[in-house]
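Two complexes, one shared chain (chain A), two partners (chain B, chain C).
Entry: the complex of A and B
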C-alpha cells in the first residue's frame, strides 16, 4: 500500500520557480494555509497562482512569490477585499488575469478534461476580451454558427487543497457544507498535494460522513500532509470556524510595514509545529 | 446630492422594498449578498412564499431563518432543498437559462447598463482595485431579467465605465443581441431616489420617483444627460409590515440597512 504522507517542506521541494499553482478552497475558507506559508517562507519565485482567491493569494503576494494571479475574486469574506492582494495589484507588481467565476471554473474543467478550451457565452461584450487579447472566440461548426468565447484550459503544474479527513493513500473527505472545487483543482493538475486535519485509517473514513463526502480519491492525490489547524485562520467547518480576530490582524499588516514584519516573523517564517504552538499560546 | 428621501423608510429600506416588489412568486432568483439578499428574503415573506432562492455557493431553495452574512454562511444551508456543486449553478442553471432573475450592483454603471466591478483607473495599474467579476459577468450574460441596485452618485453613474465587467444592453455601439448574449439584460436600475427602466435602444430612462424626490435630484446624481419618461410614477411607501420584517426579523443588526 502506497503511503503518500509527507511534510509541508516535502511539498515545497517538489515545486519549482515559475510553476502554475492551483489552490483549493474559496475566499477565506478551507485554504491549505500551512502549505501556503511553507511556500511563502521558501526561496520560490515567479509563481502563477490560480485560485478562488483568499489569504493564500494575499500572503504569497505579500512575500513576493507571485508573478501572476488568475482569479474570479480575491476576498476574505468578512473583509470584502483581500488587502495584501489589493496593495500588490494597485502597485502593479503582479500580473492579473481576472475572470468571471463561471469562466474560471470552465477553464479548470477544460484542463481536467485535457481539452484545449471549452466554449461559453460568458465574456462576450465584457472588457475581459479587450484586456486579454490571448482570449479568442470560436465559431460553432454547426448550423447555428454561433460565435462563442473559447475559454482556454487553466492547466496546473500543482494543486494544493485542504480537507477535513484523509487516509495515507490520498483519499480525502470534506465534512463541511461545501466541497468547493477542490476535486476540480486536483483533476486539472500534474502534481496534487492534499493537507488534512487528520489522517485516519481508510476503514474509518465513513465514520464521520457519508460516501458522498469522499470527494477526493487516491488517484487524484500524490502527497498527503497531516496538518491539524492547517487551514487556520480560514474556515474548516465543522472542525473550526474562521479566526476572525486573527484575520483582522493579518489584514491590518497590509498597511503597516512594522506590523507586517512582526507578523511575518511570528506567523509566516515558522514551521507548522511552531505555528501551532504560537496559536496555542495565543489562546 | 439631495437629502435622504422618504420620511418613514430609509433609503436602503426603500431600495430593498422596491426590489422585493419586482419578484414574483415561483421565480428562480440568483441571490447576491447585501441588499438583494434582503430584498429576496423580504419578498419570500410577503408576496412570494414560493420564491426559489439560489445562492452561488450551491444552495438551492434556501429558507434562511436569519439573513446570511455572506454567501458561505451555514444559515443558508439549514432548511434548504438542495446543495449542488457550484459548477452546476454556473453551467447548468445560469448558462442553461434556468435563472429568471439576477441582481447586480457595482462601482460604475453607464446609460446602457454596463457595469464595472473590476477597477477604477487603468487595468494594469488601477487607482482602486475592486472586488472583480465574481459571478457578475455570467449573471449579466444569462439571467432572463437583471435588476440592478445602486445608489445615485455622479462617480457611479458615469458617461463611460473605466472597465466593463458585465455587459448591459449595448457595448461600444453593439447590441447584446448582436453580441450573442442570451439573457434579457438590465430591466431596471433601482436607486435610492427612483427607478430607471430601459427604452427600445437599451438606454436608461427615469420612470419612477420616490415621494418627495424631484427629477433634478436624480439628475444631480447622474453623470450623463438622463432621459426622463413623459409620465413619471411615484412609488408607494413600504408597508408597515415590510418595514417591521426588515427591521425586526431580517436585519436587526443593521448589517445591510446601514
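Entry: the complex of A and C
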C-alpha cells in the first residue's frame, strides 16, 4: 500500500506553469491555505484557478500567479468582497470566467463524469451568456425541444483540498457541517492533493465521525499533506473557526503596499512550520 | 406598540412568502431574515428555514440564535441547495446593487464587466435562482443608483430578458416583488414593468419618483403598505429580532 504523505513543497513540484488548478472549500471556509501559500511563494505563473473563491484566489492574485480565474463569486464571507481579487479585476491584470454557482458545479460534474458538457437552465437570459461568448446552448433531442445551456466540463490538471482527518493512503474525512464540493474537484482532476489537519491510522478514521464523513477515498487522492492549521485563517470546523482578526489584517493589505510587504514576509514567504510558529507567537 | 418603518418592511418581506407552502425560504439580509421568520411564525408555517449555514431549523429561532438554542430538522449543505433550487421548491429574496424597471438585477460589478470600475461579488446564484424558481428583492436604501435605468450586468434575470426566451425556458421565472425602505413594487403590468404596489405609511409618490432612476407604473389609487398587527409586532420585538438588528438596517 502506497504511503502518499508528502510536503507542501512536494505538491508544488508537481505543478507546472499554465496549469488549471481547482481549489476545494467555499469562500473563506476549509481552504487548503498551506498549499496555496506554497504556490504563492513559488516561481509558478500563468495559473488558471477554478474555485468557489475566497482568500485562495485573492492570495494567488496578489502574488501574480494567476492568468485566469473561473468563479461564481470570490468572497471572504464575513468580509463580502475579496479585496485582492477585486484589485486584480479592477486593474485588469487577470482574465475572468464568471459563472452562476450552479453552472460551476455542473462544469465540475461534467468533468468528473468525463462528459463534454451538462445541460442546465441556469444562465439563460442572464449576461453570463454575453460575457462568456464561448458558452453555447444545446437543443433537447426529445419532443420538448427545449434549448438549454451546455455547461462545458471544467477539466482540472490539479485539485487541492483540505480535510479534517485523513490516513497516509489518501482516505479523507470532513468533520464539519458541509462537505462542499471537494469530491467533485478531485474527480474532475488529473492530479489530486489533500492536506489534512491530522493524519490518523486507518482504523481510527471512524472514531471521530460516522461513515458518511468519509467523503474522499484513496482512489481520489495522489498525495497527502499533514498540515495542522492548514486552512488558517479560513474555517475548519470543528477543529477551529475563522480567524476573523487575522482575516481583517489580510484584507487591509490590499490597500497598502507596505502592509502587504510585511504580511508577505511574515505570513506568505515562509514554510508551513514557520507559519505555525508565527501563529503560536501571535497567540 | 407603534409600528416603525422597519416593522412595515419586515411585514412586507413576510407577505412575499405568503402562500408559498412547504418550500425553502432563502432570505438574504437582515430584514428579509426577520420577514421570513414572521411568515413562518404566522401564515406560512410550512416554510423551511436554514440557520444561514447548512442546517434546516425547526420552528422559528430568534435571529443570531446559537447552535444549541436551535432544533435542527434537516441538512442543507451547498450541494443540496443547488439540488433544491433546481427542483423549484425555493423562494429566494436577494439584494441588488442595481435593479432596473424589468427586474434585472446586478450583483457582479459596476462598469464594464471586462474591466470593472468596481468588482462586486460575482453573479453568485442569481442566474440560476431567477430562471428556476420564485425570486424577490430587498433594497434597504431606495435610491436612483440602485433602482436605475440600465444595470451594468444582468446577474438575475428580469422580465424583458425572460420574454426574449422561449415559453419553456421561462416557465419557472417569477419576480414576485421588490421591497424597499419606501414601498413595495411588483411587475403586475401588461409589459411586466415595475409598478408601485404600495407605499409605506408617510412616504409620498414624489419621494419615490425622486429616488428612482426610471419611470414607475403608478395606479390612480396607491395603497398604503400593510401595518403589522400588535401580535406581529410583539413577535418581531420579543421572539424574532430581540436585538433590533432589522431596525438598524431601516432607521425610523
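The rule is short, and it goes like this: the second predicted complex is superposed on the first by the 283 of 283 C-alpha atoms of A that agree within 3 Å, B and C clash if a C-alpha of one lies under 4 Å from a C-alpha of the other, contacts with A are read in each partner's own complex, and residues count from 1 in each chain.
Everything that follows uses one rule, which is that contacts are C-beta pairs under 8 Å (C-beta built on N, C-alpha and C of every residue); 3 or more make two chains touch, one makes a residue touch a chain.
Worth saying up front: this structure is predicted, and the values here are computed from it rather than measured.
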Fit-or-clash call for chain B and chain C when the two complexes are aligned on chain A: clash
Touched partner set for A:90, first chain B, second chain C, both or neither: both
Which superposed partner A:235 touches (first chain B, second chain C, both, neither): first
Touching partner for A:98 - first (chain B), second (chain C), both, neither: both
Partner chain in contact with A:61 - chain B first, chain C second, else both or neither: neither
Touching partner for A:40 - first (chain B), second (chain C), both, neither: neither
First, second, both or neither for A:78, with chain B first and chain C second: first
Doubly contacted residues of chain A, that is, touched by chain B and again by chain C: 26, 71-75, 80-81, 85-86, 89-92, 98-103, 105, 120-128, 131, 146-148, 177-181
Chain B partner contacts - residues on chain A that touch it in the complex: 26-27, 29, 71-75, 77-78, 80-81, 85-86, 89-92, 96, 98-103, 105-106, 109, 120-128, 131, 146-148, 177-181, 184, 235, 237
Parts of chain B lying in touch with chain A, wherever the complex brings them together: 56-58, 69-70, 72, 74, 77, 83, 85-87, 90-91, 94-95, 118, 123-138, 141-142, 163-167, 171, 174, 176, 179-182
For the chain C and chain A complex, residues of the former touching the latter: 53-55, 75, 77-79, 82, 85-86, 108-109, 113-128, 130-132, 153-157, 161-162, 164-166, 168-170, 172-173
For the chain A and chain C complex, residues of the former touching the latter: 26, 52-53, 71-75, 80-81, 85-86, 89-92, 98-103, 105, 120-128, 130-131, 144-148, 177-181
